[in-house]
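Order as written gives the chain letters A, B, C and D; numbering starts at 1 within each chain.
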Amino acid sequence: MSIRVQTEDFNIGTEIAGLTGGRTDIGAVVTFTGTVRGAAGESPITSMTLEHYPGMTEAELARVEAEANDRWPLSASLIVHRIGELHPGNNIVLVVTASAHRHAAFEAAEFLMDYLKSRAPFWKKEARPDGTSEWVDARETDTAALQRWQKSPSKAAE
Amino acid sequence: MSIRVQTEDFNIGTEIAGLTGGRTDIGAVVTFTGTVRGAAGESPITSMTLEHYPGMTEAELARVEAEANDRWPLSASLIVHRIGELHPGNNIVLVVTASAHRHAAFEAAEFLMDYLKSRAPFWKKEARPDGTSEWVDARETDTAALQRWQKSPSKAAE
Amino acid sequence: MTSGTKTNTVTLRYFAWVREKIGFAEEEIFLPAEVATVAELIVWLKTRGETYQAAFDKPEVVRTALDQTHARADTPIANAREIAFFPPVTGG
Amino acid sequence: MTSGTKTNTVTLRYFAWVREKIGFAEEEIFLPAEVATVAELIVWLKTRGETYQAAFDKPEVVRTALDQTHARADTPIANAREIAFFPPVTGG
(Lines give C-alpha, C1' and ligand atoms only; values in the text may rest on other atoms or scores of the structure.)
Protein backbone atom coordinates (compact mmCIF):
# COMPACT_ATOMS: atom_id res chain seq x y z
CA MET A 1 0.00 0.00 0.00
CA SER A 2 1.91 3.00 -1.23
CA ILE A 3 1.24 6.43 -2.75
CA ARG A 4 3.54 8.95 -4.41
CA VAL A 5 3.04 12.33 -6.10
CA GLN A 6 6.14 13.38 -8.03
CA THR A 7 7.44 15.42 -10.95
CA GLU A 8 9.91 12.75 -12.12
CA ASP A 9 8.99 9.81 -14.37
CA PHE A 10 8.47 6.27 -13.06
CA ASN A 11 9.77 2.92 -14.30
CA ILE A 12 7.07 0.26 -14.33
CA GLY A 13 9.45 -2.70 -14.11
CA THR A 14 11.21 -1.19 -11.10
CA GLU A 15 7.92 -0.42 -9.37
CA ILE A 16 6.61 -3.97 -9.90
CA ALA A 17 9.89 -5.44 -8.64
CA GLY A 18 9.67 -3.26 -5.54
CA LEU A 19 6.18 -4.55 -4.77
CA THR A 20 6.56 -8.22 -5.61
CA GLY A 21 10.30 -8.97 -5.32
CA GLY A 22 11.01 -12.02 -3.18
CA ARG A 23 7.33 -12.80 -2.64
CA THR A 24 5.74 -16.10 -3.69
CA ASP A 25 2.17 -15.45 -2.52
CA ILE A 26 1.32 -13.27 -5.53
CA GLY A 27 -0.17 -14.86 -8.65
CA ALA A 28 -1.39 -11.81 -10.54
CA VAL A 29 -0.07 -8.29 -11.07
CA VAL A 30 -2.04 -5.68 -13.02
CA THR A 31 -0.62 -2.30 -14.00
CA PHE A 32 -2.36 0.68 -15.49
CA THR A 33 -0.33 3.46 -17.06
CA GLY A 34 -1.98 6.68 -18.21
CA THR A 35 -0.04 8.68 -20.79
CA VAL A 36 -0.33 12.10 -22.44
CA ARG A 37 -1.91 11.89 -25.88
CA GLY A 38 -0.74 14.21 -28.64
CA ALA A 39 -4.22 15.49 -29.38
CA ALA A 40 -7.41 16.29 -27.48
CA GLY A 41 -10.05 15.25 -29.99
CA GLU A 42 -9.07 17.12 -33.16
CA SER A 43 -6.74 19.66 -31.52
CA PRO A 44 -3.06 18.81 -31.19
CA ILE A 45 -1.48 19.67 -27.84
CA THR A 46 2.14 20.61 -27.23
CA SER A 47 2.25 20.07 -23.46
CA MET A 48 0.08 19.37 -20.45
CA THR A 49 0.55 20.87 -17.00
CA LEU A 50 -0.76 19.05 -13.96
CA GLU A 51 -1.69 21.05 -10.87
CA HIS A 52 -2.76 19.39 -7.64
CA TYR A 53 -3.79 20.12 -4.05
CA PRO A 54 -0.85 19.05 -1.89
CA GLY A 55 -2.01 17.28 1.22
CA MET A 56 -5.53 16.56 0.02
CA THR A 57 -4.16 14.60 -2.95
CA GLU A 58 -2.27 12.21 -0.70
CA ALA A 59 -5.24 11.97 1.70
CA GLU A 60 -7.69 11.14 -1.12
CA LEU A 61 -5.39 8.60 -2.74
CA ALA A 62 -4.85 6.93 0.64
CA ARG A 63 -8.63 6.76 1.18
CA VAL A 64 -9.15 5.29 -2.30
CA GLU A 65 -6.40 2.73 -1.79
CA ALA A 66 -7.77 1.74 1.64
CA GLU A 67 -11.21 1.27 0.08
CA ALA A 68 -9.74 -1.02 -2.62
CA ASN A 69 -7.99 -3.04 0.05
CA ASP A 70 -11.27 -3.42 1.95
CA ARG A 71 -13.03 -4.69 -1.16
CA TRP A 72 -10.44 -7.06 -2.63
CA PRO A 73 -7.79 -9.34 -1.09
CA LEU A 74 -4.77 -7.43 -2.39
CA SER A 75 -1.21 -8.52 -1.64
CA ALA A 76 0.16 -5.09 -2.58
CA SER A 77 -0.84 -1.89 -4.34
CA LEU A 78 0.77 1.31 -5.54
CA ILE A 79 -0.37 4.64 -6.96
CA VAL A 80 2.15 7.06 -8.52
CA HIS A 81 0.89 10.33 -10.05
CA ARG A 82 3.07 12.88 -11.78
CA ILE A 83 2.62 16.67 -11.58
CA GLY A 84 4.14 19.60 -13.49
CA GLU A 85 4.71 19.94 -17.22
CA LEU A 86 4.42 16.81 -19.33
CA HIS A 87 4.60 16.18 -23.07
CA PRO A 88 2.80 13.87 -25.50
CA GLY A 89 3.88 10.27 -24.90
CA ASN A 90 4.94 10.98 -21.27
CA ASN A 91 3.61 8.93 -18.38
CA ILE A 92 1.02 10.60 -16.11
CA VAL A 93 -0.14 7.95 -13.67
CA LEU A 94 0.71 4.41 -12.63
CA VAL A 95 -1.52 2.04 -10.67
CA VAL A 96 -0.24 -1.40 -9.69
CA THR A 97 -2.30 -4.07 -7.94
CA ALA A 98 -1.12 -7.53 -6.89
CA SER A 99 -3.23 -10.41 -5.63
CA ALA A 100 -3.27 -14.19 -5.46
CA HIS A 101 -5.91 -14.22 -8.22
CA ARG A 102 -6.37 -12.23 -11.38
CA HIS A 103 -9.92 -10.96 -11.04
CA ALA A 104 -9.14 -9.19 -7.76
CA ALA A 105 -6.08 -7.54 -9.31
CA PHE A 106 -7.98 -6.43 -12.44
CA GLU A 107 -11.02 -5.12 -10.61
CA ALA A 108 -9.02 -3.30 -7.94
CA ALA A 109 -6.88 -1.57 -10.59
CA GLU A 110 -9.96 -0.43 -12.51
CA PHE A 111 -11.62 0.73 -9.29
CA LEU A 112 -8.53 2.71 -8.26
CA MET A 113 -8.43 4.47 -11.63
CA ASP A 114 -12.17 5.23 -11.64
CA TYR A 115 -12.00 6.69 -8.14
CA LEU A 116 -8.75 8.52 -8.70
CA LYS A 117 -10.18 10.18 -11.83
CA SER A 118 -13.25 11.42 -9.99
CA ARG A 119 -11.93 12.21 -6.52
CA ALA A 120 -8.19 12.94 -6.48
CA PRO A 121 -7.60 16.72 -6.74
CA PHE A 122 -5.55 16.97 -9.94
CA TRP A 123 -6.25 19.37 -12.81
CA LYS A 124 -4.85 19.30 -16.32
CA LYS A 125 -4.16 22.32 -18.49
CA GLU A 126 -3.39 21.69 -22.15
CA ALA A 127 -1.18 23.99 -24.22
CA ARG A 128 -1.87 24.27 -27.96
CA PRO A 129 0.55 24.95 -30.83
CA ASP A 130 -0.89 28.50 -31.21
CA GLY A 131 0.29 29.40 -27.70
CA THR A 132 -3.12 29.26 -26.03
CA SER A 133 -3.89 26.91 -23.19
CA GLU A 134 -7.05 25.55 -21.69
CA TRP A 135 -8.14 23.62 -18.60
CA VAL A 136 -9.41 20.15 -19.46
CA ASP A 137 -13.11 19.62 -18.79
CA ALA A 138 -14.15 16.75 -16.56
CA ARG A 139 -15.83 13.97 -18.48
CA GLU A 140 -19.32 12.76 -17.63
CA THR A 141 -18.22 9.23 -18.45
CA ASP A 142 -15.77 9.29 -15.54
CA THR A 143 -18.58 9.96 -13.10
CA ALA A 144 -20.65 7.23 -14.74
CA ALA A 145 -17.71 4.84 -14.41
CA LEU A 146 -17.87 5.26 -10.64
CA GLN A 147 -21.45 4.19 -10.34
CA ARG A 148 -20.94 0.57 -11.29
CA TRP A 149 -18.81 0.10 -8.17
CA GLN A 150 -21.69 1.08 -5.92
CA LYS A 151 -23.71 -2.06 -6.54
CA SER A 152 -21.39 -4.96 -5.96
CA PRO A 153 -17.74 -5.43 -5.05
CA SER A 154 -17.20 -8.05 -7.75
CA LYS A 155 -18.18 -7.91 -11.39
CA ALA A 156 -17.08 -11.53 -11.70
CA ALA A 157 -19.79 -12.52 -9.24
CA GLU A 158 -22.58 -10.82 -11.18
CA MET B 1 -0.62 -7.29 -32.30
CA SER B 2 2.05 -9.74 -31.29
CA ILE B 3 2.38 -13.21 -29.75
CA ARG B 4 5.36 -15.09 -28.34
CA VAL B 5 5.85 -18.46 -26.65
CA GLN B 6 9.27 -18.72 -25.04
CA THR B 7 11.31 -20.35 -22.27
CA GLU B 8 13.15 -17.14 -21.29
CA ASP B 9 11.77 -14.49 -18.95
CA PHE B 10 10.29 -11.20 -20.15
CA ASN B 11 10.84 -7.62 -18.99
CA ILE B 12 7.59 -5.69 -18.67
CA GLY B 13 9.16 -2.24 -19.09
CA THR B 14 10.94 -3.33 -22.27
CA GLU B 15 7.78 -4.88 -23.69
CA ILE B 16 5.70 -1.75 -23.01
CA ALA B 17 8.41 0.45 -24.54
CA GLY B 18 8.43 -1.77 -27.63
CA LEU B 19 4.67 -1.35 -28.06
CA THR B 20 4.25 2.31 -27.21
CA GLY B 21 7.66 3.93 -27.85
CA GLY B 22 7.41 7.03 -30.02
CA ARG B 23 3.60 6.90 -30.21
CA THR B 24 1.36 9.72 -28.98
CA ASP B 25 -2.04 8.21 -29.81
CA ILE B 26 -2.04 5.93 -26.75
CA GLY B 27 -3.59 7.16 -23.50
CA ALA B 28 -3.86 3.92 -21.53
CA VAL B 29 -1.66 0.83 -21.17
CA VAL B 30 -2.76 -2.15 -19.07
CA THR B 31 -0.49 -5.06 -18.27
CA PHE B 32 -1.31 -8.37 -16.65
CA THR B 33 1.49 -10.56 -15.32
CA GLY B 34 0.77 -14.07 -14.07
CA THR B 35 3.37 -15.51 -11.69
CA VAL B 36 4.08 -18.90 -10.07
CA ARG B 37 2.80 -19.03 -6.50
CA GLY B 38 4.76 -20.95 -3.89
CA ALA B 39 1.80 -23.05 -2.85
CA ALA B 40 -1.26 -24.63 -4.46
CA GLY B 41 -3.84 -24.25 -1.71
CA GLU B 42 -2.14 -25.79 1.33
CA SER B 43 0.58 -27.71 -0.55
CA PRO B 44 3.90 -25.99 -1.21
CA ILE B 45 5.31 -26.46 -4.70
CA THR B 46 8.98 -26.51 -5.67
CA SER B 47 8.58 -26.00 -9.40
CA MET B 48 6.03 -25.87 -12.19
CA THR B 49 6.54 -27.25 -15.69
CA LEU B 50 4.54 -25.83 -18.57
CA GLU B 51 3.85 -28.03 -21.59
CA HIS B 52 2.09 -26.71 -24.68
CA TYR B 53 0.94 -27.70 -28.17
CA PRO B 54 3.32 -25.97 -30.58
CA GLY B 55 1.48 -24.56 -33.56
CA MET B 56 -1.97 -24.71 -32.00
CA THR B 57 -0.85 -22.44 -29.14
CA GLU B 58 0.18 -19.69 -31.53
CA ALA B 59 -2.96 -20.19 -33.64
CA GLU B 60 -5.27 -19.96 -30.59
CA LEU B 61 -3.49 -16.92 -29.15
CA ALA B 62 -3.70 -15.20 -32.54
CA ARG B 63 -7.45 -15.95 -32.72
CA VAL B 64 -7.97 -14.62 -29.19
CA GLU B 65 -5.99 -11.47 -29.94
CA ALA B 66 -7.87 -10.89 -33.21
CA GLU B 67 -11.16 -11.25 -31.32
CA ALA B 68 -10.06 -8.64 -28.75
CA ASN B 69 -9.09 -6.28 -31.56
CA ASP B 70 -12.53 -6.73 -33.12
CA ARG B 71 -14.26 -5.88 -29.86
CA TRP B 72 -12.18 -2.95 -28.61
CA PRO B 73 -10.31 -0.11 -30.35
CA LEU B 74 -6.81 -1.23 -29.37
CA SER B 75 -3.70 0.68 -30.45
CA ALA B 76 -1.47 -2.31 -29.67
CA SER B 77 -1.49 -5.64 -27.87
CA LEU B 78 0.95 -8.33 -26.86
CA ILE B 79 0.78 -11.82 -25.37
CA VAL B 80 3.94 -13.55 -24.09
CA HIS B 81 3.65 -17.00 -22.50
CA ARG B 82 6.54 -18.94 -21.02
CA ILE B 83 7.01 -22.73 -21.23
CA GLY B 84 9.36 -25.16 -19.51
CA GLU B 85 10.34 -25.35 -15.86
CA LEU B 86 9.51 -22.34 -13.67
CA HIS B 87 9.87 -21.65 -9.96
CA PRO B 88 7.81 -19.81 -7.34
CA GLY B 89 7.93 -16.07 -7.99
CA ASN B 90 8.77 -16.55 -11.70
CA ASN B 91 6.72 -14.90 -14.43
CA ILE B 92 4.42 -17.17 -16.48
CA VAL B 93 2.43 -14.90 -18.77
CA LEU B 94 2.29 -11.28 -19.84
CA VAL B 95 -0.60 -9.54 -21.55
CA VAL B 96 -0.30 -5.89 -22.61
CA THR B 97 -3.10 -3.83 -24.13
CA ALA B 98 -2.90 -0.20 -25.25
CA SER B 99 -5.74 2.06 -26.26
CA ALA B 100 -6.72 5.73 -26.39
CA HIS B 101 -9.01 5.15 -23.39
CA ARG B 102 -8.67 3.16 -20.22
CA HIS B 103 -11.84 1.05 -20.24
CA ALA B 104 -10.96 -0.51 -23.60
CA ALA B 105 -7.46 -1.36 -22.37
CA PHE B 106 -8.73 -2.85 -19.09
CA GLU B 107 -11.52 -4.87 -20.64
CA ALA B 108 -9.41 -6.20 -23.49
CA ALA B 109 -6.67 -7.34 -21.08
CA GLU B 110 -9.18 -9.16 -18.90
CA PHE B 111 -10.81 -10.70 -21.96
CA LEU B 112 -7.44 -11.90 -23.30
CA MET B 113 -6.61 -13.56 -19.98
CA ASP B 114 -10.04 -15.20 -19.63
CA TYR B 115 -9.85 -16.61 -23.15
CA LEU B 116 -6.20 -17.59 -22.91
CA LYS B 117 -6.89 -19.53 -19.69
CA SER B 118 -9.75 -21.49 -21.25
CA ARG B 119 -8.59 -21.97 -24.83
CA ALA B 120 -4.82 -21.77 -25.25
CA PRO B 121 -3.29 -25.30 -25.09
CA PHE B 122 -0.95 -25.01 -22.10
CA TRP B 123 -0.79 -27.48 -19.22
CA LYS B 124 0.87 -27.05 -15.84
CA LYS B 125 2.48 -29.78 -13.78
CA GLU B 126 3.42 -28.94 -10.20
CA ALA B 127 6.32 -30.61 -8.38
CA ARG B 128 6.07 -31.04 -4.60
CA PRO B 129 8.84 -31.08 -1.97
CA ASP B 130 8.34 -34.87 -1.51
CA GLY B 131 9.38 -35.49 -5.12
CA THR B 132 5.90 -36.19 -6.47
CA SER B 133 4.31 -34.12 -9.20
CA GLU B 134 0.79 -33.58 -10.39
CA TRP B 135 -1.03 -32.01 -13.33
CA VAL B 136 -3.00 -28.95 -12.31
CA ASP B 137 -6.77 -29.35 -12.63
CA ALA B 138 -8.69 -26.83 -14.72
CA ARG B 139 -10.81 -24.52 -12.60
CA GLU B 140 -14.56 -24.22 -13.12
CA THR B 141 -14.27 -20.50 -12.36
CA ASP B 142 -12.15 -20.00 -15.48
CA THR B 143 -14.94 -21.35 -17.66
CA ALA B 144 -17.46 -19.19 -15.78
CA ALA B 145 -15.22 -16.16 -16.35
CA LEU B 146 -15.62 -16.63 -20.11
CA GLN B 147 -19.37 -16.48 -20.06
CA ARG B 148 -19.66 -12.84 -19.11
CA TRP B 149 -17.99 -11.89 -22.42
CA GLN B 150 -20.75 -13.57 -24.41
CA LYS B 151 -23.43 -10.99 -23.58
CA SER B 152 -21.93 -7.63 -24.34
CA PRO B 153 -18.62 -6.30 -25.60
CA SER B 154 -18.47 -3.61 -22.93
CA LYS B 155 -19.05 -3.93 -19.22
CA ALA B 156 -18.80 -0.15 -18.95
CA ALA B 157 -21.88 0.16 -21.13
CA GLU B 158 -24.01 -2.13 -18.96
CA MET C 1 -15.25 33.36 22.44
CA THR C 2 -18.84 32.32 23.21
CA SER C 3 -20.71 29.83 21.07
CA GLY C 4 -23.04 31.55 18.64
CA THR C 5 -20.50 34.24 17.75
CA LYS C 6 -18.37 32.64 15.09
CA THR C 7 -15.37 34.74 14.24
CA ASN C 8 -13.14 31.92 13.03
CA THR C 9 -10.25 32.68 10.78
CA VAL C 10 -10.22 30.24 7.86
CA THR C 11 -7.83 29.77 4.99
CA LEU C 12 -9.42 29.77 1.54
CA ARG C 13 -7.56 27.98 -1.23
CA TYR C 14 -8.28 28.14 -4.94
CA PHE C 15 -7.11 25.76 -7.68
CA ALA C 16 -6.98 25.58 -11.49
CA TRP C 17 -9.36 28.00 -13.26
CA VAL C 18 -10.98 29.02 -9.97
CA ARG C 19 -7.54 30.25 -8.85
CA GLU C 20 -6.97 32.02 -12.17
CA LYS C 21 -10.31 33.85 -11.96
CA ILE C 22 -9.83 34.87 -8.33
CA GLY C 23 -6.27 36.01 -9.12
CA PHE C 24 -4.43 34.34 -6.24
CA ALA C 25 -4.10 30.89 -4.69
CA GLU C 26 -4.81 31.49 -1.03
CA GLU C 27 -6.21 34.01 1.47
CA GLU C 28 -7.23 34.21 5.10
CA ILE C 29 -10.69 35.49 5.97
CA PHE C 30 -12.81 36.00 9.03
CA LEU C 31 -15.85 33.86 8.50
CA PRO C 32 -18.99 35.95 9.20
CA ALA C 33 -21.29 34.46 11.81
CA GLU C 34 -24.20 34.16 9.37
CA VAL C 35 -22.25 31.89 6.98
CA ALA C 36 -23.03 28.32 8.04
CA THR C 37 -22.74 26.21 4.88
CA VAL C 38 -20.59 25.97 1.76
CA ALA C 39 -23.42 27.45 -0.34
CA GLU C 40 -23.74 30.41 2.02
CA LEU C 41 -19.99 31.00 1.88
CA ILE C 42 -20.13 31.16 -1.92
CA VAL C 43 -23.00 33.68 -1.80
CA TRP C 44 -20.99 35.81 0.62
CA LEU C 45 -17.77 35.55 -1.43
CA LYS C 46 -19.63 36.79 -4.53
CA THR C 47 -20.39 40.07 -2.68
CA ARG C 48 -16.64 40.71 -2.48
CA GLY C 49 -16.09 41.73 -6.09
CA GLU C 50 -16.02 40.89 -9.75
CA THR C 51 -13.26 38.29 -9.61
CA TYR C 52 -15.29 36.28 -7.10
CA GLN C 53 -18.42 36.71 -9.19
CA ALA C 54 -16.52 35.37 -12.19
CA ALA C 55 -15.09 32.41 -10.27
CA PHE C 56 -18.48 31.46 -8.82
CA ASP C 57 -20.56 32.43 -11.83
CA LYS C 58 -21.84 28.84 -12.00
CA PRO C 59 -21.46 27.75 -8.37
CA GLU C 60 -22.84 24.26 -9.15
CA VAL C 61 -19.72 23.58 -11.23
CA VAL C 62 -17.27 24.49 -8.45
CA ARG C 63 -16.23 21.72 -6.08
CA THR C 64 -15.38 22.31 -2.42
CA ALA C 65 -13.24 20.58 0.19
CA LEU C 66 -13.38 21.26 3.92
CA ASP C 67 -10.08 20.47 5.61
CA GLN C 68 -9.03 18.47 2.54
CA THR C 69 -12.17 16.33 2.43
CA HIS C 70 -14.77 16.61 -0.36
CA ALA C 71 -17.85 18.57 0.74
CA ARG C 72 -21.21 19.50 -0.78
CA ALA C 73 -23.08 22.80 -1.06
CA ASP C 74 -25.16 22.00 2.03
CA THR C 75 -22.23 20.76 4.14
CA PRO C 76 -21.93 22.81 7.37
CA ILE C 77 -18.63 24.64 7.58
CA ALA C 78 -18.52 24.07 11.34
CA ASN C 79 -14.93 24.46 12.55
CA ALA C 80 -13.13 23.90 9.25
CA ARG C 81 -9.69 25.56 9.15
CA GLU C 82 -9.11 25.27 5.40
CA ILE C 83 -11.74 25.58 2.68
CA ALA C 84 -10.78 24.88 -0.93
CA PHE C 85 -12.62 25.66 -4.17
CA PHE C 86 -11.74 24.00 -7.47
CA PRO C 87 -13.16 22.67 -10.76
CA PRO C 88 -14.18 19.04 -11.19
CA VAL C 89 -10.96 17.03 -11.04
CA THR C 90 -9.28 15.81 -14.24
CA GLY C 91 -6.27 13.77 -13.11
CA GLY C 92 -5.33 10.21 -14.03
CA MET D 1 -9.46 -43.53 -53.73
CA THR D 2 -13.26 -43.36 -54.13
CA SER D 3 -15.44 -41.38 -51.81
CA GLY D 4 -17.08 -43.59 -49.20
CA THR D 5 -13.92 -45.59 -48.56
CA LYS D 6 -11.97 -43.52 -46.10
CA THR D 7 -8.50 -44.84 -45.53
CA ASN D 8 -6.90 -41.56 -44.47
CA THR D 9 -3.71 -41.59 -42.52
CA VAL D 10 -3.97 -39.22 -39.58
CA THR D 11 -1.49 -38.15 -36.93
CA LEU D 12 -2.71 -38.50 -33.36
CA ARG D 13 -1.06 -36.28 -30.74
CA TYR D 14 -1.35 -36.57 -26.99
CA PHE D 15 -0.55 -33.96 -24.34
CA ALA D 16 -0.10 -33.71 -20.54
CA TRP D 17 -1.65 -36.61 -18.60
CA VAL D 18 -3.28 -38.04 -21.74
CA ARG D 19 0.23 -38.41 -23.19
CA GLU D 20 1.52 -39.95 -19.96
CA LYS D 21 -1.29 -42.54 -19.86
CA ILE D 22 -0.90 -43.45 -23.55
CA GLY D 23 2.86 -43.69 -23.12
CA PHE D 24 3.97 -41.65 -26.14
CA ALA D 25 3.30 -38.24 -27.67
CA GLU D 26 2.41 -39.05 -31.26
CA GLU D 27 1.43 -41.83 -33.64
CA GLU D 28 0.13 -42.31 -37.16
CA ILE D 29 -2.98 -44.39 -37.71
CA PHE D 30 -5.21 -45.44 -40.57
CA LEU D 31 -8.60 -44.06 -39.73
CA PRO D 32 -11.19 -46.88 -40.17
CA ALA D 33 -14.02 -46.02 -42.53
CA GLU D 34 -16.68 -46.39 -39.83
CA VAL D 35 -15.10 -43.70 -37.61
CA ALA D 36 -16.82 -40.42 -38.53
CA THR D 37 -16.74 -38.27 -35.37
CA VAL D 38 -14.42 -37.52 -32.47
CA ALA D 39 -16.62 -39.60 -30.12
CA GLU D 40 -16.43 -42.58 -32.48
CA LEU D 41 -12.65 -42.25 -32.72
CA ILE D 42 -12.37 -42.40 -28.92
CA VAL D 43 -14.56 -45.55 -28.81
CA TRP D 44 -12.34 -47.14 -31.44
CA LEU D 45 -9.09 -46.11 -29.70
CA LYS D 46 -10.30 -47.73 -26.46
CA THR D 47 -10.41 -51.12 -28.25
CA ARG D 48 -6.66 -50.82 -28.82
CA GLY D 49 -5.50 -51.65 -25.30
CA GLU D 50 -5.32 -50.80 -21.62
CA THR D 51 -3.30 -47.60 -22.00
CA TYR D 52 -5.97 -46.16 -24.29
CA GLN D 53 -8.70 -47.32 -21.91
CA ALA D 54 -6.91 -45.52 -19.08
CA ALA D 55 -6.42 -42.32 -21.09
CA PHE D 56 -10.06 -42.23 -22.21
CA ASP D 57 -11.56 -43.65 -19.01
CA LYS D 58 -13.65 -40.47 -18.70
CA PRO D 59 -13.87 -39.35 -22.32
CA GLU D 60 -15.97 -36.30 -21.38
CA VAL D 61 -12.92 -34.86 -19.58
CA VAL D 62 -10.60 -35.17 -22.59
CA ARG D 63 -10.51 -32.25 -25.02
CA THR D 64 -9.89 -32.64 -28.75
CA ALA D 65 -8.47 -30.50 -31.51
CA LEU D 66 -8.80 -31.22 -35.25
CA ASP D 67 -5.96 -29.67 -37.21
CA GLN D 68 -5.14 -27.44 -34.22
CA THR D 69 -8.69 -26.13 -33.77
CA HIS D 70 -10.86 -26.99 -30.76
CA ALA D 71 -13.47 -29.66 -31.60
CA ARG D 72 -16.34 -31.36 -29.78
CA ALA D 73 -17.34 -35.02 -29.39
CA ASP D 74 -19.83 -34.78 -32.25
CA THR D 75 -17.49 -32.88 -34.61
CA PRO D 76 -17.02 -34.83 -37.89
CA ILE D 77 -13.40 -35.79 -38.42
CA ALA D 78 -13.79 -35.26 -42.17
CA ASN D 79 -10.36 -34.77 -43.71
CA ALA D 80 -8.43 -33.75 -40.59
CA ARG D 81 -4.72 -34.55 -40.84
CA GLU D 82 -3.86 -34.10 -37.17
CA ILE D 83 -6.06 -35.00 -34.20
CA ALA D 84 -4.93 -34.06 -30.69
CA PHE D 85 -6.23 -35.22 -27.31
CA PHE D 86 -5.47 -33.37 -24.09
CA PRO D 87 -6.85 -32.40 -20.66
CA PRO D 88 -8.67 -29.10 -20.09
CA VAL D 89 -6.06 -26.38 -20.50
CA THR D 90 -4.43 -24.75 -17.46
CA GLY D 91 -2.13 -22.06 -18.82
CA GLY D 92 -2.01 -18.39 -17.96
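The rule is simple: contacts are C-beta pairs under 8 Å (C-beta built on N, C-alpha and C of every residue); 3 or more make two chains touch, one makes a residue touch a chain.
Note that the structure is predicted; figures quoted are calculated from it, not measured.
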Which chains sit in contact with both members of the pair chain B and chain D? none
State, to the nearest whole Å, the distance from the C-alpha centre of chain B to the C-alpha centre of chain C. 49
Could you please state the distance in Å, as a whole number, between where the Cα atoms of chain A are centred and where those of chain B are centred? 22
Compute the distance, rounded to whole Å, between the mean C-alpha positions of chain A and chain C. 28
Counting only residues that touch at least two other chains, what does the list for chain B look like? 34, 102, 113
Each of the following residues of chain C touches two or more other chains, namely 92
Determine which chains touch and list them pairwise. A-B, A-C, B-D
Once bound in the complex, which stretches of chain B touch chain D? 34, 50-53, 55-56, 59-60, 81, 92-93, 113, 116-125, 135-138
Using the touch definition up top, name the residues of chain A that touch chain B in the complex. 11-14, 16, 20, 22-39, 88-89, 100, 102-103, 105-106, 109-110, 113, 145, 148, 155-156, 158
Can you check the complex and tell me which residues of chain C touch chain A? 13, 15-17, 65, 68-70, 84, 86-92
